[in-house]
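Encoded as structure tokens, the structure appears first; notes follow it.
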């Protein structure tokens, strides 16, 4: 059908455009890592390992070769998804990505759900009931959520729900027993415990998820409150809304079917933009709740000056960001029939 | 004379603003008859669009309406929104000016039709809805193959035709067309006008055609009402009004039309008045070349001329109402250059 | 046409630029106005704290004992001597909050200045010139924007710390680099949309030189939006600074007090039920960022004509005069 052909064309074009962006990101990362004086090997292991060993490692890793050669090697490695091995604890980075990445994925997934539900829900309410206490309360809530750093909310949550009320655990993905017992299939604890039909483990995992996901999700959601509200106010004044009213369409339908739906279209785009913020927030959340995600690993390796690990993690993050923004754009085009090339 | 389908008596629509009430429609009366077209002409800002919306009750917050709009024995002014909504569509339809933005971009044409049909005739089944929609579209020259397309896939002219089809599918007795061709090019305009002309013949619809284009009026309207600063200053059969205009404003308007035989530019000096503080007496007196003393003091009385036109102008008397000296020419200061629009 | 000149022609003066810009503020009613003023009030409060920090704070930012050398109690709950209590380093929380305001405002002002100095001109040129320069810059900036800004800031702060000694500078620079793409993008998009406006085209058709067009129309229009963007970016920058401090890559504790760093120290306190070490710095962040956001949002509401709600006054229509019947004309006039 005509429409899916143009959608397909859009997807292909978008894919092609993603490549230069990815390339630029990779180049920036490469240059940044080489900006630091000396080379990664020396920086990480200098003083801890004898000099000949250092030389050998440097030669092996290729740091004594000209920059251009290194650059080409680097791009080749990325293309083959060879992220290397960490310097300080000799872990293949793919392992780091899979294990810790899964932890971050779980956290961000549930946080995104919280963000969508709270942000869009409150935003719609605020816009619908403009200038009433609901609107004012919703907007204020949104601003405060944005203004509160995620680690501050985490602190308050730990204080209230962890210490004073004692309802929820304050650190880690699961209690030590569960972590030890649970078979890893996907490294996503929620999924794994369902596969295993281990309901007590599932409960434990979910309890550990609540605080970090809520805290991160609410902070991200705050942005959507404002966005959705403003969009709704604009669509309610739209020409097609007036025309629909002139045809006698019920007010309820005008608001929900026409105004709401159109107001939500830009939300998908913003979701894509917010993804980067989500990742930043995830790093902070992981530090606050001792969540063993890829963000905490990044911090740890950075502190140890393990540039190989840092580079690998950042490159991986860059790839994820480009892919996610690509998917969001395609989703956007699918929803809004006007977006085509 | 046959019964009027719609009777408007002394309609006033005032908006509240910080500077004072804007008297957009300030005591307007006219009738609409089945199968006949009334053209409502005036400059921008004279209140004609407000009048069109006022009849349907489609005004924004802060507008106060007064007077009578009698349809089917009921006065629409003051009717609760629920009742009005039932009338909008099947009884009184509206066609808007800017067709590009009048259709919901996320809904197919098919959905627009099923929405309007199901709202007013919920007993129709899908097959009937489809049949009636396609009939209406066919009448506008839109092929059934395009039924499931989205608004952005149509040109401006086609969208306007879809809007007209949407308005007509319910067979309303009255249609208000608010500058339906202003945003379209001349060729498309001709098409639309011929469609509207068919309306009268085939469906016996009463049409109120709001426009600032005198040419359209001459061509397409049985009667014409000339509006200035919230009041109708002249009304009658198009033929009569154009041949022997009774009001100086009408006369000046006709003189300022540019045609192939125009050699010099004629225009009416000055600008339309501020509707928060319209001039005393006859609103046109500051710009009227034939103004008399009485014109600045007293509101003109509606007069029925021998030709059948109704005019509001002191030039036509009644003489016994004019105070002594009132017929002397009005002394005015020179209109300063800076005051011209 | 009778025309006697008995009064001098009316001269109309256009209100000056500033007055015109301020006009929407006076017209808008209700919420937007209140919001802006509340925001300005809060921000002003923190600016005063920042400027007069040494006078307002009861103790130094890293002072852990009295003048006589008596050590403060560690993690003492709020008391008369320490209104906000003390933290794990035995320093006074209130003083650290006050000095933290100074740090925050200094760093953010500095970074704002740097990012605007680079981002604005780049955006103006790219937007107005268009062509290859624009496309290259746009691709570059978009790539930067796509990446999580905090991660970016962390890496840059870390790398810069190898070169610079003062963490104030590294933090400020790291933050500025993160925001340059934002200024660039906003300005560029705005310039492009203004550039396509009919009035710019008209000016060019009348023969106005590119410089004049840029300055008079494009710049003026864009300038109106800069305060809003700057305010909102400042709010974000404070959050970024706090995040850097929380992770340990921001202002080093020996140099100055910083709210994010204090909260990081306070996380372990939460387990012990010690609430004052984290609550007060956190509230300070929330307040200052809220204040700045209210100013930015409020200004946006006021200046954005689409959703600005014009004041509505109730109208009561005067009663209708009894309708005069239209009288037929007897003889022609």
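We call the chains A, B and C, going by the order they appear; numbering starts again at 1 in every chain.
Going forward, contacts are C-beta pairs under 8 Å (C-beta built on N, C-alpha and C of every residue); 3 or more make two chains touch, one makes a residue touch a chain.
Here the structure is a predicted model, which is why all the values come from computation and not from measurement.
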Contact-richer chain pair (by C-beta pairs counted) among A-C and B-C: A-C
Identifier of the chain whose CA centre is least distant from the whole-structure CA centre: C
Centroid distance [mean C-alpha coordinates] between chain B and chain A, Å: 55
Distance from chain C to chain A - Cα centre to Cα centre, in angstrom: 25
Gap in Å, rounded to a whole number, between the CA centres of chain C and chain B: 47
In the complex with chain A, residue positions of chain B that touch it: 56, 58, 81, 85-90, 93-94, 96, 98, 101-107, 115-116, 119-120, 150, 152, 163, 166-167
Residues of chain A that touch chain C when the two form their complex: 20-21, 24-25, 28, 32, 35-37, 131, 136, 143-144, 146-149, 151-152, 154-156, 158-159, 162-164, 170, 226, 230, 233-234, 237, 276-277, 279-281, 283-284, 287-288, 298-299, 302-303, 310, 314, 317-318, 321-322, 325
Chain B-touching residues of chain A, taken from the complex the two chains share: 238-240, 242-251, 253, 257-258, 261-262, 265, 335-338
Touch list for chain C against partner chain B, complex: 1-7, 9-12, 27, 310-317, 320, 323-324, 326-330, 332-333
Chain C residues touching chain A - in the complex, by the definition given at the top: 30-31, 139-140, 142-151, 154-156, 158-159, 162, 235, 239, 242-243, 246-248, 260, 263-264, 266-267, 270-273, 275, 278-279, 282, 285-287, 289-290, 293-294, 297, 306-307, 309
